[in-house]
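Each of the next two complexes has chain A plus one more chain, namely chain B in the first and chain C in the second.
Let's turn to the complex of A and B:
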């Protein structure tokens, strides 16, 4: 708790006071944190190998996939350590040829997932739900070329809905979120919140 | 549109504060004083207001009970934030509570993680919760796992776990980005009760649309106070609400002042 409180105070001082900014206190802290994060990566890797190694050892369901993961991860780790993260290397080739497109594929699926969820959720159940559906339809059409073809003012009204009432509600939520974050930070600094070090709040 | 000249930060007035940070520091100090005062009042035994009902948190125990009855696991995903993320930190008490409940009901708890440091902290929290519940033997370290650092790789891994394990209760509590919708929709396909909580305004609409229960922004920060009902914690929430009223008053006064041409005096505080 003492370490948490001291670290928090150092960050507060580093953020607000000029002498700490001149000493690059926050930059140093961020560097230490990045080093700690990098050092912690083997912990995650070990966890990965332990879980999937147990799957392979006990021949659990889909153990072949666990074996594939262990083999591919090991090969990629060794290749990356040898070649390094430079353009044109084997590591870069695997990343550009497989990892990046796989991520993009999942990202592309989001559009269909949103459509599916919207179809299930947007119903005329109540007055509030009706307002939501009407506003959503308005903005959807306004964002497409169809809105301008149907009525010249459609885009203007759609933009107003997004920029004024929607923005106001969003900022109110953000204000509450930031204050909640401050309160949480003060609780952690004062040692009232201790779940992150293994104790329930006192 | 360029900001008016009077909004530009001036040089440090007292030679101490970073330009533009003095006003923010004084606001933070006021906030800290209010919260500390509420904490001391709570410790002195003064009655504190109760937090209004949060269906999302009430539903957590019911969802875990449902998982117990159906013999299926509970999955707790803490988002993709790192260990210094506020939403991650505020998720720890909830994780401890969920782990404690799962230990008592003998329900399996799966916790996939994106960050190695978060994985290490979560494993310690869950193990400690099982120990405090008197069920250290029930803790399975393989159920707390690190998947990958890649955002959509992590989403794919969580979706695979959900599809394979078919959890009866899914709790998405933390910092989420674009991958949240994939997890929410996966939950919609496997007959699970979904409880979502995030302060990321871009993802809140997705949680509202897809989850059975949603906690919005400051509601998730009030979780530890709501679950434990500790007067000291409730006092911090009361202090937060008091400061929020002050902020709203400043916003209203500032809006009226700015709309009517404004005088330099009022802006000085914000230029410090």
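Let's turn to the complex of A and C:
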């Protein structure tokens, strides 16, 4: 709790006080943060091996997937350490041939799920729901070339919906969220909020 | 069981199959779809063309392979505009490990397009594309972990935040472009362009580098995030906002540089039509079966 309070105070002082800016307090603190996060990577890796190693050892449900994860991670780690991030290396081959297509495929699946979900859930159940569905469809068409082909003003009206009514609501939500975040930060600094260290709020 | 009831019990795999057919059809038999230039996309072009010629643009590709179909074309067109305008590009990010690798390929593609010459030694610090050269016209400092604090450090002390090495592990002091850069701020850069898929993204770069460093920020986002970021664009906090592959496609069409942005537009159009049909069909089922369920 004391570490959290001190760290928070350093950031506040470093950001708002001239003497602290002259002393490069925030630069030093940011560098510490970078170093700390670098250390967190191997800790995460050790944790991953411990958790999934235990799964394999005790033959828990789906232990084969844990084994696969350990094998793939180990191979990629060793290959990356040996070759570095250079084109034409084994690391680049794994990246280009597996990680990139797999990531894109996962993202592409969204198109299938969204289409299926619109069929099941986009219902004109009430006046509010009708406004929501009609606005969603309008923006959807405005964002694709179809809108421009159907009517030249479609895109302009779509932009107006996004920039004016949608924006007003969005801004209210964002402001509310940031005020909430600010209040939480004050509570953390004062030691009232202790969830991040496993405690309970006072 | 009538038609509406049968439609209501439709196996979702049929819908997935129709989506698959549309995707395959638009890939195998592409239809040329015009992509209109909207004022917002034109604003992104004006943003790049408004930066002083010969100055440096910092490009933060905060994305991963999942969103490359939307953001790779954006990086390519922004880089084409930048090179055509005589800007130098410094690539670097703080949140997405694979972003700089994706962006490097697009910047090389842009350099090849602008010069009309294929790149030699691509993906290395010796890359040369006509008269555009790695280290002189662009440098990739790579992924430097740490999110917001790293972005803040890049603004204050670039060499410390990047550990003084580029994406390839070579010293930044060895390149004419990066040897004198001390911060991502208005002293060394004229603009900051961020590709965003979440956090950290445009908002974090705005707070940690653009505002303290007095840099105008341009933001490229996936289509789903467009409305979220419109808030910052409308308020003037972002000087430009490029949305989705459609935005990139419109610039590709204007530059006569067809790429992935334009290629995906017919698929997007047919997918939109399918979604509209799905909503109409879903509501037909809902209203036709509502009374029967109640009974």
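Before moving on, here are some points about what is shown:
In this text, the second predicted complex is superposed on the first by the 189 of 202 C-alpha atoms of A that agree within 3 Å, B and C clash if a C-alpha of one lies under 4 Å from a C-alpha of the other, contacts with A are read in each partner's own complex, and residues count from 1 in each chain.
The working rule: a residue touches a chain if its C-beta (ideal position, glycine included) is under 8 Å from a C-beta of that chain, and two chains touch if they have at least 3 such contacts.
This one's a predicted model, so the numbers in the text were calculated from it and none came from an experiment.
Chain B and chain C, once both complexes are superposed via chain A, fit side by side.
Contacts of A:118 after superposition on the shared chain: both chain B and chain C are touched. Looking at the shared chain after the overlay, A:24 reaches chain C, while chain B stays out of its contact range.
Of the two partner chains, chain B is the only one that A:193 touches; chain C does not reach it. Shared-chain residue A:99: touches chain B and chain C both. Once the two complexes are overlaid on the shared chain, A:34 sits against chain C while remaining clear of chain B.
When the shared chain is aligned, no partner comes close enough to touch A:74: not chain B, not chain C. Of the two partner chains placed by the overlay, neither chain B nor chain C lies in contact with A:57.
Of all C-alpha pairs spanning chain B and chain C in the superposed arrangement, the closest lie 5 Å apart. Once both structures are placed on chain A, chain A residues 33, 37, 41, 99, 102-103, 106-107, 114, 116, 118, 120-122, 170, 174 are touched by chain B and, in the other complex, by chain C.
On chain A, the positions that touch chain C within their shared complex are 24, 26-27, 29-31, 33-34, 37-38, 41, 84-88, 92, 95, 99-104, 106-108, 111-112, 114-116, 118-125, 133, 137, 139-141, 143-146, 148-149, 152, 155-156, 159, 162-163, 166-167, 170-171, 174. The part of chain B that touches chain A in the complex is made up of residues 12, 15-19, 21-22, 24-25, 28, 31-32, 35-36, 39, 82, 84, 86, 89-90, 92-93, 95-97, 113, 115-117, 119-121, 124-125, 128, 132, 141-142, 145-147, 149-153, 155-156, 164, 178-179, 181-182, 184-185, 188, 199, 201, 204, 206, 209-210, 216-218, 220-222, 224-225, 228, 230, 232-233, 236-237, 239-240, 243-244, 247. By the touch criterion given at the top, residues 12, 15-19, 21, 33, 36-37, 40-45, 47-48, 50-51, 54, 61-62, 99, 102-103, 106-107, 109-110, 113-114, 116-118, 120-122, 170, 173-177, 179-188, 190, 192-193, 195-196, 198-202 of chain A touch chain B in their complex. Chain contact summary for the complex, chain C toward chain A: residues 10, 12, 15-16, 18-20, 23, 33-36, 38-40, 64-69, 98, 101-102, 122-124, 142, 144-147, 149-150, 152-153, 156-157, 160-161, 167-169, 223, 226-228, 230-231, 233-235, 243-244, 246, 265-266, 268-269, 271-276, 278-279, 281-283, 286-287.
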